Amino acid sequence: MSNDILVITEHMDGKFSDVSFELVGKAKELAKALGGQAAAVVVGGGVDANVFASDSTIQVDDAALSQFNPEAYAKVVEALVKEKSPKVVMFGWTVTGMDIAAWLSARLGVPCAAYAKDVRVEGGGIVVSCQAYGGKLTAEVAPEGETAIVACLAGSFPAEAGQGATAAEKIASPVDLSGLKMKFIEMVKPAGGDVDITAQTKLVSVGRGIGGKENIELAEELAAKLGAVVSASRPVVDAGWLPRTRQVGKSGLKVKPKLYLMLGISGAPEHLEGMKGAELIIAINTDKKAPIFNVAHYGATADLFEVAEAMLELL
Amino acid sequence: MNIVVAIKHIPSIADDVPVKGNNVDFDSVDFVLNEWDEHSIEQAVLIKEAVGGTVTVIGVDLIGELDNALHLALAKGADKVVKITADDPAADSHMQAKWLSEAIKGMGANMVFAGVQASNDLDGQIGPMIAAYLDMPYIGGVSSVEANSDSATVNKEFAGGAGAKYSVSMPFVAGVQAAPKPPRYAPVSKVRQMAQSATVEKVAPSGDASSGLTFKKMAPPVVTGHAEMIEGSSKEVAAKIVELLKSKGLA
Amino acid sequence: MLTPIEKILFILLALVSAGFTFHGFKTIIDTVRKGRPAPELKNIPASLLKAGVTVLFQRTIFKARKALSAVHLGLFFGLITYAFVNLFDVLEGLIPNFDLTYSGKHLAPPAWTIPLINIYSLVSDVMSMFLLIAITIFLVRRFIVKDKALTYRENVLLNPKVKAGGQAKDSLIVGVFVIMHVTAHVLSQAYRLTEGADPFMPFASFLNSIFGASETGMHVAWWVSIGWVMFIIPYLSRSKHTHFFMAPINLGLAKQNPRGQLDPAIPLKVIDGRKYDPGAKVITDLAWKRILDAYACVQCNRCQDVCPANFYQRPLSPSALEVNKRYLLKEATFGSHPDLLLAPLTETVISPEAVWSCTTCYACVRVCPVGNEPMADIVDIRRRMLIDGFEIDSGVQTALQSLATNGNWMGKGKRLRGRWAKELEFPVKNATEEPVEVLWFVGDTASFDERVIPNTKMVARIFHQAGLDFGILYQNESNAGNDVRRVGEEGLFEQLVEQNMAAFGKAQFQRIVTTDPHSFNTLKNEYPQFGGKFEVKHYTVTLLKLFEEGKLTVKNKLSHYKVTFHDPCYLGRYNGGFTAPRKLLELLGVEFHEMPRNCENSFCCGAGGGQIWMGKVAPGERPAENRIKEALSTFEKHPSDKKQLFIVTCPKDMVMYSDAVKTTGNEGKIEVRDIIQLVAEAVGVEEVSPIVG
């Protein structure tokens, strides 16, 4: 066992995601408090791994890891954790991290704290602050045992603290990656022809409160008047009311528009992850207790249809 | 094709979630089916409709009220439903995943589906844990599964419509993000018919696992900021928003 | 008159005609019998008799289009007269010397019959003229003026043969028949007048003065007249004019249950142990009465005129539904396509979009002169679509899912239902915990919609001030299910009924009062089918009673308001609750003006039957917007500076019309208010700002 922290970074198309830097930065802080080292783990060779401020960086290079493969990545991480027996293994609670963190927890019989927003050291161990029940509650949990997995929400820590130039040590895969049951076939690009919501300066974003597919038109009208594009929260996309290219949030896209006008979005944590960087957030929701009002700059408890229609007349 | 869908009964987050001590006050909260489970059930039924097979839906009955969700699954096209009678509303994901794995073990599943996540997955989701306990590979964020004879083509979502296709040999576990089609509506008469005629197989919980997390505190989040609220009628709200946008050169 | 050969020919032709006629009507009866059992009718002879009287005075057609209805009246009496005329014509033909001209002097009748003969001659002669005038008006209306009311919207599903002008062909044939038949008859009489004018036959005498008398002419005219009849009677059974025979019968067998009570999704009575799936997929899944409807309908399109969905340019026409049904049946039974009986209704008689456009306002059923219930077909089709997994509107699905889990359609937690009551300055009793006199059934919109809650609170304050011992069910109340049932979700409706019945079971109360007409309707008319027999009142009745008992008094007369009142479908047309709101308004002292469409003929706001869950779906003016304009034009006839109010007594109306005032840009000109707001102002109860907490 050690007091080290292992950060499982994530990358795509040759770029690390912000959450990787956020985690490395936090890991350094924790390692310091615990008297250990913060090591970044890069699974896959196709990326320049000399970008972290970690105490060390390990890059596992294997042909089988050239693309994200949940089975292969999980096996590699498992082997590394077994080998290093760190105090804490940090993942991003992201579409890739979510595939591995809980699996590893069950596999190794070590605790896992998901939806983590903050981690602090207390009495030689760690205490994790987690977002629970769709953001309605916050739980503070202390993992038992010698190793703990912490899966953090993107955007929880500053990314700058993790940026550096630590030279990565390239290693071969610590496990045999032949005979995988899961094979990567191809990337699927977003359906062509649709707008790129990440490139927009203004978004009118609709949530479950829009009620039905028929009402999307109203948002489209409003967006057209504002020179904006319609985006949406996950339930709207899952229901098939808008294409997936319009989804903002954890499993959708991260956006940073100048204006983010939210109609009927209550503000689930997964959604907030994707839009809290917007410059001006205005939220309209009928529920005065909607969590979005804790994040938005301006809010109104009102009927979104009435407001949208009234705005259409004024614009 | 033998598909098992593992579901989770969770406290409703439609209202405030009440707290008692360091955990949710399970006595004064309604339990509902995890919304992602509706998608995994839909995905399973779609496969069954496409290539045939059976769909078994299994969940841990935490408060003795799981039957309705199971009858609903039957009405939507599941063939068999099983509940693990735990009667422990506080059972965490590890515990549930262990019990589910023990029950699923003998079912000869080609595929096991679970919702990609649930709002009470504080210690992680049951899908990857079931995979770990059953020694199957796991893939999450799944938006479509096409079953071939002994493998499946699985689409995993990354972000904003981008994703990747994988070929996965059976058996495996998939965490379903969204079914290719919105979950169907099950008319209540069918659900009630199922309630009268169908049998819910009962299984006693077997095995033991723990999240290894000690709950130190559970409370509504400390609100750090709050939006400046615009008061008045909808018309007034609209006027103020438009004014605000104009002042910032956004309209 | 006829020669022996002619007599033989006539008898042979008559037999052929009778054979075809018998076959025609037997086919219709057999087809009607293919339908499912309808709710049992009581005392059918009495109903038929009553319908006969109604038909005789043509009472039901005068609900709309008064002038054209008068023409129809002329046509009707003309044809009735002609039933006798034809009989006598046949007798003239068969019996030598049977001749009624000149007071029947060739017949040498008993003296007492002479006045009768004269009356007959005069009536039949004059009626002939009326008939010709009436049929000409109808033909001109259809073929020259081309009255839009007789056509369908482009987007309405129509049987190809209807589209190709099948109905016009029927009209033309019947029109030509009437003209030729009547003219020939009168001519046949004219040709008989060998001795100049008959004072009791002015029309025939006039023709006689032109054409003179002629034996041959008489024979030819007789054959033309009677020949047409022998052709047309069997033809009628195969055309839209089956109406002549089926309309009175259908009216006699019309719905006897309360208007607000839908027939069950599965018939209560079973024939030959048949198994029934809920609702209707194919035409024989409809109750026999619904099949009969198709034969009674003559596509006058009065239903289409009053249909809010049709107004909203949606592809629904109740009349098209009936004509499509009849054409389908005709092709299946008279034609060579028996397989059509197994064709899905949604592909042959009504489009799925039309099925989901209906607001279940009952206007079509109310206005139908022949007792048809197209709305019942629509609900039955919805029922089966839901069972068969038809992909329903996403808004409806969301609402139904919420209703199934939360007991309300707004996605709110059960526990929040009574939250508004906790914000009041006095406690509201929980009727499941302590006995109350009045159990107030609040409903979803009034419980959860922030726009309506201030009115809900006001009702509570007024009840409180009047000392009414009332309580609510808090989280034990579920949506009453009225609209759920009309969307076709019978199972969910039953579930909601059971939940509410359980809640009622826990409570002690004397009567139920509800602020929601939709809840009112189902509680009053449908819960009894499930054993829930309660006294149910709409709050307007309760308020009126409180005034009459002196428990509420008008302190401030509201003469500064000019108001009109919108009758909610489920209070007015369905349950006849017209007087209480009007009496209340009178008590309050407002200046009251009735809109042209009021009471039974009120125009639906467009929200019922699940439409409120579907959002804006079509371009063009919405029913509610049209209604606001109607109110404004009513006010324009009584100009003054008074504040103009549109008074509603239904939470859905509050939402729909407030919206419509805005979308029509009439804010400032007219304001939508619940009647409770006026009552509060009159009795001096102030709006209290909510306790924030």
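Letters A, B and C mark the chains in the order given here, with residues in each chain numbered from 1 onward.
What we mean here is this: contacts are C-beta pairs under 8 Å (C-beta built on N, C-alpha and C of every residue); 3 or more make two chains touch, one makes a residue touch a chain.
Note that the structure is a prediction, hence the values are computed from the model and not measured.
The two chains most heavily joined by C-beta contacts are A-B.
Each chain's centre was taken as the mean of its CA atoms, and the one lying most distant from chain A is C. Each chain gets a centre from the mean of its Cα atoms; for chain A and chain C, those two points are 58 Å apart.
Rounded to whole angstrom units, the spacing between the C-alpha centres of chain B and chain C is 47.
For the pair chain A and chain B, the distance between mean C-alpha positions equals 19 Å. The residues of chain C that reach two or more other chains are 394, 411, 662, listed in rising order. Each of the following residues of chain B touches two or more other chains: 182, 235. Among all residues of chain A, those that touch two or more other chains are 239-240, 301, 303, 306, 309-310, 313.
The touching residues of chain C, when paired with chain A in their complex, are 393-396, 398, 411, 450-451, 613-617, 659, 662-663, 665. Only residues 11, 13, 16-17, 19, 24, 35, 39, 93-94, 97, 116-117, 119-125, 127-129, 131-133, 137-141, 143, 153, 155-169, 172, 175, 177-178, 181-182, 209, 211-231, 233-235, 237-239, 241-242, 244-245, 248, 250-251 of chain B touch chain A when the two sit together in their complex. Listing the residues of chain C that touch chain B in their complex gives 265, 278, 386-387, 389, 391-392, 394, 397, 400-401, 404-406, 411-416, 489-492, 494-495, 662, 667. By the touch rule above, chain A contacts chain B in their complex via residues 12, 67-71, 74, 95-96, 98-107, 109-115, 127, 130-145, 148-149, 151, 180-191, 194, 197-198, 202, 226, 235, 237-240, 243-245, 247, 251-254, 258-259, 261, 280-284, 289, 292-303, 306-311, 313-315. In the complex of the two chains, the chain A residues touching chain C come out as 208, 211-215, 217-218, 239-241, 286, 301, 303, 305-306, 309-310, 313.
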